[in-house]
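One chain, chain A, links the two complexes that follow: it is found with chain B in the first and with chain C in the second.
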Partner chain A sequence: MGEGAEFDVGPSANRGDLVSTEGWAERVPLARRRPRRRRGRDFDRPVFLRVFFIVFMFFTFAPIVIVALFSFNSTPSLQNFTGFSTQWYDEFFSNVGLRESLVASIEIALVTMVVATVLGTTLAFGLVRARSRLAQSSNVLMLIPLVTPEIVAGTSALLLFAQIGIDLSLLTIMIAHITFSISFVTVIVRARLSALNREVEEAALDLGATRMQTLRLIVLPALWPAIIASALLIFALSFDDFVISFFTTGESPTPLPVQIYSSIRFGVTPTINAIGTSMLVISFLILAVAVALPRLLGRREEENVLIGRETA
Partner chain B sequence: MTANQTTAANQTSTETATPETTRGDGAGDEAIRFEDVTKRFGPTVAVEDLNLRVRRGEFFSLLGPSGCGKTTTLRMVAGFEQPSAGSVYLDGEHVEDVPPYRRNVNTVFQSYALFEHLDVEGNVAFGLKRRKVPDDEIRSRVAEAIELVQLTGREHSKPRQLSGGQMQRVALARALVNRPSVLLLDEPLGSLDLKLRKQMQVELKEIQREVGITFLYVTHDQEEALAMSDRIAVMDEGVVQQIGPPEEIYETPRKTFVAGFIGVSNLLPATVEGDGVRLSTGQLSRAALPEGSQQGASVHCSVRPEKIFLDDLIEDGMVSVEGTIVERIYLGTTTQVIIELAPGVRVISLEQNTDRSRADDRWEIGQRVRLGWHPEHALVLR
Partner chain C sequence: MSENRFAHLLLAPAGLWLALLFAVPLGIVVAVSLGTTDPIYQAVYGWHPENYADVFDPLFTPVLLRSVGFALATVVLCLLIGYPIAYYIARFGGRWKTLLIALVVLPFLVNYLVRTYAWVAILSDEGLVNGIVTDAGLSENGVRFLNTPWAVIGGLVYGYLAFMILPLYAALDRMDPALIEAGKDLYGSRWQTFWHVTWPAAFQGVAAGCVLVFLPAVGDFISAQLLGGADTYMVGNLIQQQFLEAANWPFGAALTIVMMAFLLIWLSIYLRSAARASREATA
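Right, the complex of A and B next:
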């Protein structure tokens, strides 16, 4: 190929500052670019990705940092940080209504997490293993909760409970949450389960393991990362769900997001920051437990799978 | 057409099975016996009327193209499939209602099917732990098995850290450590590259001789089956076509399918005439006729490529015909010459390249050539 035959690089771009013009760097023939190659400026590491990353991190974490910071502010100002105090936390925890709501939300999220994970996992087994026509259509049916707008799910749940005469309470929220959560668990666990080689289970049977032992010793260990991941997701979804909770909640206690919404109508106080920070801490704790659990049980493999790290 | 083939096939398979079952008398030296076993999956018949006897300590191969029922046969021994009709016996015991985990057989799977979350040692120890073998015995037997497959030093590696050949060895050790009565191998070398496969063939054969366990080996690779087996059952469309030692399967195939599937075979259309056959190209060839051949019946005459000689190598007493060379393929140790006898009738001759100069310029495409074979090497197949 002749020198610059296909595109005019221009005299200034010759040899010296090829790299300075980012757009050109990719199109200049490889042989001429190579001598000036620098680390971190390769064609597969464009600068815009770094910028993109920094902007992304800023918009993700800046609001969180601000909320956490102002939750310790000594004045009610949401603009100026004047000094450190824990008064908003005191206010949050001394408010019986808010405290009960927090406990209620944790309760709902934990029950939803456990029940939906168990039911969703067993459903995944059924859908992957059953080869009937019913199972095929159930696969589609199962996706419906995932695409149903929450407002529809919430109002229809409310109508249903009214129709069959169930009084709204924490129980009705749990039922509604579990219903929409099962699909998430099933989708996640099913993907992992169908990637499992059936021959591995046959190998276990072949080596003298009964069906229950095969499930316990071979299948479940392979599914743990998916099960833990979906349980985490369900906890987070249920813990901060507003729309469905709003429609299915009873009088008192109401879940925290609903409680915050009703209190915010009378004006925003920095207590919101304290509540937000507390909720964040709870979510992080759950995440930490999920990552630490496999390590505590001596199952490094699962931890690696969970956080997507390749094992060497 | 297919119905005729099947009934003919059934006859041969029962023919081969009958003397064995009567001779075997009792279960003393037999590891596996199939009696009139048929396996259907819905409307498709995977295995039809199978009669088979595998002797204790034998390296027995099931050979055939994919979908011929060989893997289904193996899975019926393992207990993953139940026969639709007929009986399977293991060590003389009827095993219809015995689940896989209570059968004294172990399987080496094509995909290896290793337990990803366990290390090499954990994989190998899995079977012994299920059988509640004492801990110190487990330790010594696992170490022994790992040594047998030459993986000492990799005890604590996870499967994903191993190469294909090493995973294959783990799968083998995991099965052998239980000292099963029969080891079932389902195309265990299928995903290895050629060189490693050849090496593992030799190793497998050595290991089998060393441990003395009966091997039931499923493969579609005829070379592999010939190289390793004591006996081979060639299967096609769920039916056993021929059972015998490798030499017999190769030298005296009893069916067109067997002749065509094992090695390269020249199948020339012919008709029975006198005490030989008349080839479709007109030449008359003496040949060993199967019993009950009728004059004028259309048959195939099969001659192995290495038994067809060209020009100056033709000896007295050979059947000789003439043809045109259409292709010459240099294969290293041999040169393959393709000769057209008549339009559409081609034969392959394999010449040993014992003389360096011959390979390069002995033949030219389009050249007329004489070819010949000993009449006893011409097999007549119906």
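Right, the complex of A and C next:
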């Protein structure tokens, strides 16, 4: 602490004071405070900004907290919290239609996750390694879905299925979800892939490894964190998606967000609060896994310095 | 097999998927937008450019203008709210930066539909706020919040604010705070320091945020559907109606194409300016 204190007190301070007197301890925090006090007069005004930030946080969190709170209300009221009960969750899970919707949403998200992650990862490989005009146009084709408004995605998918005469079902939702998920995977995996050190791969090839062996033993281990992160992102996006599902869904079972939408149109009920809260919990769980897993994998990978991103 | 051949082989599956299931459908939308409907409301191909004239029919222009107006108001509000938030975290977040930005983003990971529904539950005539208002005796019949333009715009702001805050934060966090000190040391007023130092550094983030909010806001139909009513409908609601209720697919497709073209114009302007800025930065 000694050196820092000397520096903070500045040239005006008496050096003798610093070394000998007991006022030393009080003086350091005083000096530390000085730059902060000066900022207070600045255009930035941290006090104003801090209050603004707190108010902002209140307004963003309050609606979600209220939905979760009233999902445990003992009466159907959305105005008075009368007591704790789990009856709206019972209603959600005992309703066959809603349960089928939940299962349908999970099925769609799982299939979308697996197919889109495989397709998106291979596309990332192709785009990083291929050199041709075809590769350039594939890159454009990959980027446009990212800026396509969801409603355009929904209508174009609906028209496609109508034109080729496929009946709308869970399968059509999956196909539409996969189409609009591939690009997310490609963008994430490609960023990681282009940061890899090519020389390690070339060394493996020089040492007699086949291309497949190099891929399996050298490249994929370094890519796992990115692949897992994008897979979980795709699961979350697909599970939460409403717009594309809305246009491509068949009669029943419909995915959970579509189910929520049609119930809201008939009025708000605590059961919707329970469904919404359950969806929220699932989203946060996936997020937690997405944050934790690559770290766990990444630590092991860091030991393998050769493949580290920083070596590129 | 050569490296390049192998790479093209990897390109094939997803490339074909996107070509057949993304590019071709967009082509079908264009084709259908020029078609017409037969007596049983099935879309049939044809050459009917008048579908596009219908889009700009006086009956529908208010909806188009409203969509753009609501989206612009959303962008402005997101900027006014998002800028101080991003600035606060970037400049005063200190070692809590990552935590604060995570806190800001967290609510946006909750399903958009559920978050919009939350506002319905709070603001509806039987909702929480009206319960408090009538209990407190402020108003006999409560206050009408929903079915107003501001309810729809508020829903859009609440829905897309994160798309503004994140790029703003990225731009402001890169800025060296010493530059602001330098501006002040050179006797720049607060306004001058902002205009000559902070704003140029933030500009790319502002532009990116505006585009990222504007694109989904124009095409949104959830907010207008749940928080608004028939007289706050946006183009997304109109498209949705044409496809799923009115069964006038050619007109719905024409609306879709007009909206997409409108958005692509703004997107290309933004991409061009961003490319120029990054060229200047590296030059």
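Throughout what follows, the second predicted complex is superposed on the first by the 220 of 312 C-alpha atoms of A that agree within 3 Å, B and C clash if a C-alpha of one lies under 4 Å from a C-alpha of the other, contacts with A are read in each partner's own complex, and residues count from 1 in each chain.
Note that a contact is a pair of C-beta atoms (placed from the backbone, for glycine too) under 8 Å apart; a residue touches a chain by one contact, two chains touch by 3 or more.
Keep in mind the model is a prediction, meaning the values are calculated, not measured.
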Which of chain B and chain C A:96 touches, first, second, both or neither: neither
A:140 touches, of chain B and chain C: first, second, both or neither? neither
First (chain B), second (chain C), both or neither touched by A:125: second
Partner chain in contact with A:200 - chain B first, chain C second, else both or neither: first
Touching partner for A:209 - first (chain B), second (chain C), both, neither: first
Touch count on chain A, higher of chain B and chain C: C
Footprint overlap on chain A, comparing chain B with chain C: none
Touch list for chain B against partner chain A, complex: 78-80, 99-102, 105-107, 109-111, 113-117, 126-127, 130-131, 158, 160-161, 174-175, 178
Residues of chain A that touch chain B when the two form their complex: 197, 199-200, 202-210, 213, 217-218, 221-222, 299, 301-302, 311-312
Of chain C, residues touching chain A in the complex: 1, 3-4, 6-15, 17-19, 21-26, 28-29, 32, 43, 81, 84-85, 87-89, 91-92, 100, 103-104, 107, 109-115, 117-122, 124, 126-128, 130-132, 158, 161, 180, 184, 190-191, 193-194, 215-216, 218-222, 225-226, 236, 239-240, 243-244, 249, 252-253, 256, 259-260, 263-264, 267
Chain C-touching residues of chain A, taken from the complex the two chains share: 42-44, 46, 49-50, 52-53, 56-57, 60-64, 66-67, 70, 78-80, 119-120, 122-123, 125-132, 134-135, 138, 141-142, 144-145, 147-152, 155-160, 162-163, 175-176, 178-180, 182, 186, 211, 236, 240, 242-243, 246-247, 257, 260-261, 264-265, 268, 272-273, 276, 279-280, 283-284, 287
